[in-house]
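Letters A, B, C and D mark the chains as written, and numbering starts fresh at 1 in each.
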């Protein structure tokens, strides 16, 4: 398979923490297995869903290392090399390639919003450090214009994939795809999979959701590939309550579901915000109950 | 019916503009009729869904006047009196009561974020100007704490209802309801109806969505009243794709649906942002097609 | 004097409110006289310093009307026509020209951030409604790129002046001036006058501060005109503590100073935020005491 | 000297980078010497002025280690232990104490805005890890209320100092000081020293500016101690143009000044934003020229 063929659900693992707030590598291993057994097209790790901005440097590398080792070539692994400064991003990128990752992904420098020249130099430095594809993660945190994304892909050797989430992601994906830029191998969507059907109609090659229901997201994609749009929309509709609760409750929801799926041991998050309360748990139970008939993995 | 009995779908009319960017009162009349025939519990107008911040003062009053006249006592009308300054808010509140509105609603002063004393004085002035209930619209634009909402309701005579949307609205509603504040007659949710089922379980008495599918929202509420939670969730699930597209495309989506429902003549908005493109229209067609079997009004 | 000759301090009057929160036209009249007697190059009214977003439509027009009537052709008056929607902006622009204003100024639609096509149509509609120059107020509220400003000035007949404050305003002014765009008659700076000397070196033709110390700001400009840069910097340095307190305390500071200058009767503001406390008043007293030897008006 | 006696200018070193974007320890050593020779009351490192959010973990520790080693007990060193997660913050705090720092400082978790319970646990964990004073850095990034600051200081053993910058910092300092909380040893201001005179009048014990002109800031403080307020205000006024340019140009300005002071070799920053242009350099030259007569260090 060449990189041009990447498509479908590129699932994002959450970072499992143990009771002492350290990464639980056993659970992480089980989570990667869960993703691969669910038939995903690829893995992307550690990004926002993985709470990567709250990881130490060593934890960041652990997420890459374990994901690559466990997947062991069965699916492509896109490793996040975004960092607080360029030397650190370069260092993550090198680590990712040495470890065996199939690509790296980075949003522009995100702590402060730099001028475009700095963003260009950042991607240039990352590209120079590796010989694998470099993905741009384009979101409203530091939104690049369509023209800037095209320039980065055209002028910098390895930059060739885009995860496009600038609001409205639908229009952003169309704008990018309509450029027919030969240096862009593919554009994928994010937004938790909320708009994956209309984004796909606009030319996205895949979608990057949390891995919580990656079996179902992958199935929706395949139904669309088979031209069974109504079935795809039916299944997607059954998924929506879960996607919406993830938006409301954050990663604690995703981890709570992973407990029910038999993969996680706890719902511990660092991106706390609002701990789940009893009514949240009751709502999760109801949504879990209703989605169970459609689950694929573990059946 | 006393005000304490207000419950269910309090629908928000969109503002219909004609081709010269003026309010089309005929369409507005048809829209109010549509809401009432859909069985809503009440009307709230003109708020964010009505693009109220983009209305001139006269247009603001027109929205209140026509809504009250057309509804003519058949359902309670909650008129928005939020304004850029306190004298204007007071003036809208007086106008609303004189015109026959059943209540007024206001978010705190929203152009600049004032100290709480100023917010208190603003609600005091509104309350002093009327003898009908005053609703607080609490959202992240100018978020009030639970304690501040309780204080406003307790210490100011007419302030007695709350539309609670501070993120996460679920926890905010629970926090407020658990206070058992005798001065609060009711708390309702918003968020386009996205969380209406779990918000209701937490004690909300109703929900304030755009009126686009107010027949279905009202039906979901009634099914819950009848303890038919599964049927309610089924119907709500069929609604989700539309709620999600409204979030993605804004009021142009809502007005586009209203054309299909036979009420609006165009999808003209002032809160433009991103005009609908061909793929948007195709997606709206698909979502419209799929939701049609469930529609109640007009069947 | 042709419009091309506009330069120096274009002072912004604050809106004086009486004890019942209404505009005090007598004080406003005195304020405009104060500005003109201070030798300003022009007046700009009612903008942010005038708390224009907190004015009713009638109050907005009052600010324009009184300013034009009192100045009576002695200095050019630039009237703000920015509004919550295009018909209202057009209506203010027409009112301004009919009343006798020498130009209108508008920031792009500011309630929601529209696409550029909408912004273009907004300025086109304003330009079509008048035959006097239209200024663009460019600030971070809705920042236009240099290219967009040039396009608006080049393609729309009356759009020909720019108040440029996009951070850093210095670089933004240089970027605009270096375009040598024949359709731009002049660029002026704002930022309370904080950077007026370096902005002038970059090609700005004037500065738009609150009118509090417009005699001194105008004097700084004239000293620079006379190539007395050191004297200009000395005087500007004496002004800095006041500019900094205005930034800290807002318009309540500006109005408090106007009381001491014998023009205002109170420091009442609508853009409240934080009422002045005793320590604020003591600090204002000290800054007032120290700047008095340099005052020009009233001596 | 007990910690209660800490007062005056607690200067913040900038992080010097060499041409390969690594920390230049020789320049850092010279910078710390410069601060101490300038007579500062203490050092705070590495915080915002030091671009700490753009440092790798090792670089963060290097900034602490070199600062402590060079100062060698001559002035107190307050080491920043703020981090992206609690274990990392605890690890920095331990490192700081072991290395010999006199106190640690931390803003609340800043990547995501957590609930207060999480913030409490974060400071508790830091306090538990050390036996030196813990400072709270309170700014609008994650603003704590006065009540929350008092609670943290009262209920957590080592938390006893506050750098207070929540806008308006003047009112925030007064609110905190007026609590007369016995668990608070002192409150200091920041804001680049812009409001240091009025903040001191409100009870602040010191100010934390960039070290660029720490000799002058310290002198202003001492003049106030000697009741020479007019001389203090004169000197502060001469400082204002530099403080204002630092606000406009960021740390590139501060480093450019440090070149002129003979301490830095370049103005390389990671918090890029906008590279200095020729007009910036000319303005820096003028401001530098005018401030030279007042400099103390190096004379």
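By definition in this document, contacts are C-beta pairs under 8 Å (C-beta built on N, C-alpha and C of every residue); 3 or more make two chains touch, one makes a residue touch a chain.
Because the structure is a prediction, the values reported are computed rather than measured.
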More than half overlap in residue numbers between the two sides of the chain A-chain D interface, or less? Answer same or different. same
Distance between the CA centroids of chain A and chain B (whole Å) is 35
Cα centroid separation, chain A vs chain C, in Å, comes to 47
Contacts with two or more other chains occur in chain B at residues 274
Indicate which of the five shapes (line, ring, star, complete, other) describes how the chains touch one another. ring
Pairs of chains satisfying the touch condition: A-B, A-D, B-C, C-D
Give every residue of chain A touching chain D within the complex, in rising order. 21-22, 53-57, 84-88, 111-115, 117-118, 270-275
Where on chain B does chain A make contact in their complex? 168, 170-171, 174, 194-195, 197-198, 201-202, 229, 233, 237-238, 240-241, 244, 248-249, 274, 277, 279-280, 282-283, 286, 290
